[in-house]
Amino acid sequence: LIKASIVGATGFTGAVLTDILQRHPEVELDALTSMSYLGRRVDDVFPHLRVKGSYTPYSAERVAASDVVFVCYPHAESYPVVAECVAQGQRVVDLSADFRLRELSAYSEWYGFDHPYEELVGEAVYGLPELYRETIRTARVVANPGCYPTSAILAVAPLASFMGGYPVVIDSKSGVSGAGRNATDKTHFCSVHENFRAYSEVGHRHTVEMVQELSLLAGRAVQASFTPHLLPVDRGILSTVYVMLDADTAAEAGATERVESDNGLHDLFQEYYADEPFLEVSAVVPSLREVRGTNYCRLAARKDAAAGLIKVISVIDNLVKGASGQAVHNMNIMLGFPEKMGLEEKA
Amino acid sequence: LIKASIVGATGFTGAVLTDILQRHPEVELDALTSMSYLGRRVDDVFPHLRVKGSYTPYSAERVAASDVVFVCYPHAESYPVVAECVAQGQRVVDLSADFRLRELSAYSEWYGFDHPYEELVGEAVYGLPELYRETIRTARVVANPGCYPTSAILAVAPLASFMGGYPVVIDSKSGVSGAGRNATDKTHFCSVHENFRAYSEVGHRHTVEMVQELSLLAGRAVQASFTPHLLPVDRGILSTVYVMLDADTAAEAGATERVESDNGLHDLFQEYYADEPFLEVSAVVPSLREVRGTNYCRLAARKDAAAGLIKVISVIDNLVKGASGQAVHNMNIMLGFPEKMGLEEKA
Amino acid sequence: LIKASIVGATGFTGAVLTDILQRHPEVELDALTSMSYLGRRVDDVFPHLRVKGSYTPYSAERVAASDVVFVCYPHAESYPVVAECVAQGQRVVDLSADFRLRELSAYSEWYGFDHPYEELVGEAVYGLPELYRETIRTARVVANPGCYPTSAILAVAPLASFMGGYPVVIDSKSGVSGAGRNATDKTHFCSVHENFRAYSEVGHRHTVEMVQELSLLAGRAVQASFTPHLLPVDRGILSTVYVMLDADTAAEAGATERVESDNGLHDLFQEYYADEPFLEVSAVVPSLREVRGTNYCRLAARKDAAAGLIKVISVIDNLVKGASGQAVHNMNIMLGFPEKMGLEEKA
Amino acid sequence: LIKASIVGATGFTGAVLTDILQRHPEVELDALTSMSYLGRRVDDVFPHLRVKGSYTPYSAERVAASDVVFVCYPHAESYPVVAECVAQGQRVVDLSADFRLRELSAYSEWYGFDHPYEELVGEAVYGLPELYRETIRTARVVANPGCYPTSAILAVAPLASFMGGYPVVIDSKSGVSGAGRNATDKTHFCSVHENFRAYSEVGHRHTVEMVQELSLLAGRAVQASFTPHLLPVDRGILSTVYVMLDADTAAEAGATERVESDNGLHDLFQEYYADEPFLEVSAVVPSLREVRGTNYCRLAARKDAAAGLIKVISVIDNLVKGASGQAVHNMNIMLGFPEKMGLEEKA
């Protein structure tokens, strides 16, 4: 049994992570830290979790015996903990944004703080297993991707090398748990129920993460127009992505036929993700419920011949594949466990 | 008092229409027809409606005394009734698609039937008051627009003359009442609740309606990529529309500055809709609840400078502005009543 | 036009009250006071309200020109305002609990404060028009009833004089707006959606209000066992009330047959509420939606012969008949307006 | 591995049963029968189930190799299948009502059919493990309890021997999946969402099942007044049960102190259910979400001293503990597997 700690364990992602890890056959929970619920029992704070134990304060010493530390702090509060844990020898999966961006300057521009750990940023691996499995294996710091980027990047990746000059349009719809446990006017039941809205309608911070990864995939700078919306559901993200291809590049790659029909697109996506344990290419367009509580990303691609676009629709559970499940997937890869271990049950 | 009949009064749009018309100060309800609920009392079928009267069968004679007939039949069942009523002198607002398309061939292509009333199709007016107010005044047949086209066309209209060559992307999310009262697997509570999905993900019939009207506005053939989604809400449509402009055309029209900032766009939209009683241009992006039960369309435009696109977000109540309220608005225009009459209260 | 002010206008009840009053044909809105939203525009705080004006601070002077003042403060904060307004000549509808209880000691026991206005408590009228219409007409202070008591008392009143010794069981289910606008863990969307719970499961403060009024109706001390529950809906209260009758008393009153069948009960309730503008006795059991946005209380009674009980099911909109609508109904009675004035439209 | 078949596998309970059994370490799925979805793949009908296989027609031969047969047919359609399977040697868990009632006449009175299998009715065991574990072990036919009776009987059982003469009041609220997969006006999203109602408000068929079991527990005929309500949630039942005790009987049993306080009641329930794997006595009142997807029944008892009643609030997932999970629990007992086997994961 390896030991795992969760720093900041009482947010929504912390709770789901606790749930997954305590059922993981190779993991023993070490510290669950929380300031807001210090000393309270896990099953008192989360009555649906049947987990023993209480919340403790965070200190580097408290987690020193852990093989892995999951950090669930907000951005700009996470990196000091990550640095400290790495320094004393833990491997870290960071669920914040603090190590996702490759350009140091991007942190000041998008997140408003100067990142003091240039080296660690350079070393950190973007934890999307479908793209970076091999480097994740040996990483000391895995930057667990944002929920929206996970849903969008996986939808576009198989098409990335044929994209034309038109920006990718990413229209995403998320359940409320994505906004976190903080009780605000925006998350009040009466604000969300029988309602629907866009928010951060231009310039949401996840845009930079998408642009970074899609540009790497495309081999050139690409643009993305991203709009997040708030669904009156608890969990799940559905992204509808509109991609305009460049016919010539597709032809060069011998993909012309593949991108001309729904069947062709299905095959192209199937092959691209052939060995992925958590990627399901679907013939019918998927709905949120199909992945609820699971670590799967399910997607379907469609040719819109009249408009000359390809639409890809992807669904994930934002708290699992979009956060805590993917974090455990990363841990499994880092520690050499079977990739689906602990992730086949509903969270 | 004028007399109004509703043919097919027991669908969702029929019920909302009944509710609005019975409170309209210049209208007396004549016949409410229904085959499914023949002979049953209105307040028995719809306990939330406090309306006297029972459902009768449709016949041309039964509605012969009406000044206006609202036809709420499905497509391909509506046009015979419309033709019959017009022939005997009623003015008609048709809520089906049977007179929305200008090309006769479009009916066979998109709706699978040969339309036998070429002349009436030619004469019918597309009932979007913001675009066709003057011809609506004297029309014998008003083709009440589809719910999605209403939300999309109003969002794009002010920008239509500057659009570039790229397709307009229209990502729409609708409440379940848009799918009608039929109880199916798709409308079962357990299919919709805590769920979200796209449907008719390429080639939804409302696309042709949007393309027709946007092309007329643009003065050339435009493309649109339209994706409808099903929200776990009762009522409302939010459309997120992505438009790429042509800088030169915008410059020619002296609109360069207008389309470069959110404030400029706000002004541009405000002026375009300056005299519209049911169009609200908003500084903040609108949410579904703001228009629930009302005949308003509320919208906001945003410049996505990084991606080089403009986003417009519009909300309507699909049963009111997207159907029955707009139908009454059309009636008000046809009969010379004040446009907001009967439409200031919640439906 | 009379002038009306709302003190504490930015809670849910304040917002609904604003909506109703601004459409009331005999009312001009005077001051809308709020500390939390001081200086902000009404339609900025509540985008669904199409009301001009901004929020001002409360002071006795600021509302001195009003004919009526509606006080929407929490309990123990309301009575000083009520006293002040009455002293300077306004008539007051108080939506808090501060004048609902007749025994001064009840305030310390149930609400934890010593009420300093014995005389005003003695003078205040419990604002349930169905029971106290005549005294409301001339009242200076009307204590608008609680939402749960409204739903429960109206359900039991017609049977009150025949009740047996068994306690009345009142099982109530309320929408979330009943918990107020405060954003808390309990009102977070993710706590309420796809969930259901009881709360204050013994000793909810509304119990004392029910017991007080039911005892007055019965002419003796009665017991009530009341359990409130939180529904994942925005608005509405449904109360299921179980009453065991005393056969002898019913016989003395000549009601034996009336209480032996559903039809008999229907007649008994119909007669009891014959002239009530907002009371609807229904043949089928009512659902929340039938009264949503309205000031109606709809109810149905059933004989459970096997168990020897009568069940009464009542529904109201907690924000309208359970709060702001009833407050306006009280105002209409106090000022001699037609009782339904301003209350026939949806709020 | 034992073999298990599901007859009528495409209702909601069939789907959950499929999900649980395919993950059960000691079970191999044999036949999944369905007429409505004959020949279709499981994961096509239920995209959230990641199960191989297709639906076949039912025949006795088709299930002859199974060790256990689960019958998920409606009442009056189930008993011929049960009889047939038992005759050829299978052990059967019947999820219909066809073997729940002990009096043969009760089937004609409550379910409208004459039951032809008197002997089998006499032999069948009511499958509530908390009450009948020992006889379940060797039963050939286990009559899996109704969802409402499960929630109510478990709430009352510990108090049953002290009940007074008054009827037990059982006020239950259920998610929509309890109404089955049939698409009807009543299960249409627009009928249920933002709504709440009672139904079968007197004489629901589950009443007889409750009365039968509570009378057996009490050792005398007891009365129950049961009202089911429809919650706008997918899954779960919360029952609020009001019990009036007989002080003398409680005293004789030495339980006087136990029933006088919340703590005493907690202890009394804890002891009564001390060894039960799926019964959780809670200090705080439980909510639906705490048991969602699980086979647990969680409950809390409260003394309402003022009214002289005890309230018990219980929650279950109607599809798991209220149907398919309990069915598997019964199978585990029948076949000697550990009771929680296959039931610790979310369904």
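Per-chain numbering from 1; labels A, B, C and D assigned in written order.
Please note the rule applied: a residue touches a chain if its C-beta (ideal position, glycine included) is under 8 Å from a C-beta of that chain, and two chains touch if they have at least 3 such contacts.
Only a predicted model underlies this, so the values are computations on that prediction, with no experimental measurement involved.
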{"item": "Rotation in the CA alignment of chain A with chain B, degrees, nearest 5", "value": "180"}
{"item": "Comparison of A-C and B-C (more C-beta pairs in contact)", "value": "A-C"}
{"item": "Chain B and chain C, separation of their C-alpha mean positions in angstrom", "value": "39"}
{"item": "Mean-CA-position distance for chain C and chain A (Å)", "value": "47"}
{"item": "Per-residue multi-chain contacts in chain A, two or more chains", "value": "193-194, 232-234, 286-287, 289, 292"}
{"item": "Touching residues (chain side chain A, partner chain C) in the complex", "value": "12, 176-177, 181, 183-185, 187-194, 232-234"}
{"item": "Chain B-facing residues of chain C, complex", "value": "47-48, 193-194, 282, 284, 286-287, 289-293, 345-347"}
{"item": "Of all residues in chain D, those that touch chain C in their complex", "value": "166-167, 169, 171, 173, 194-199, 201-203, 207, 223-225, 227, 229, 231-236, 238, 240, 242, 244, 285-289, 292, 302-309, 311, 313"}
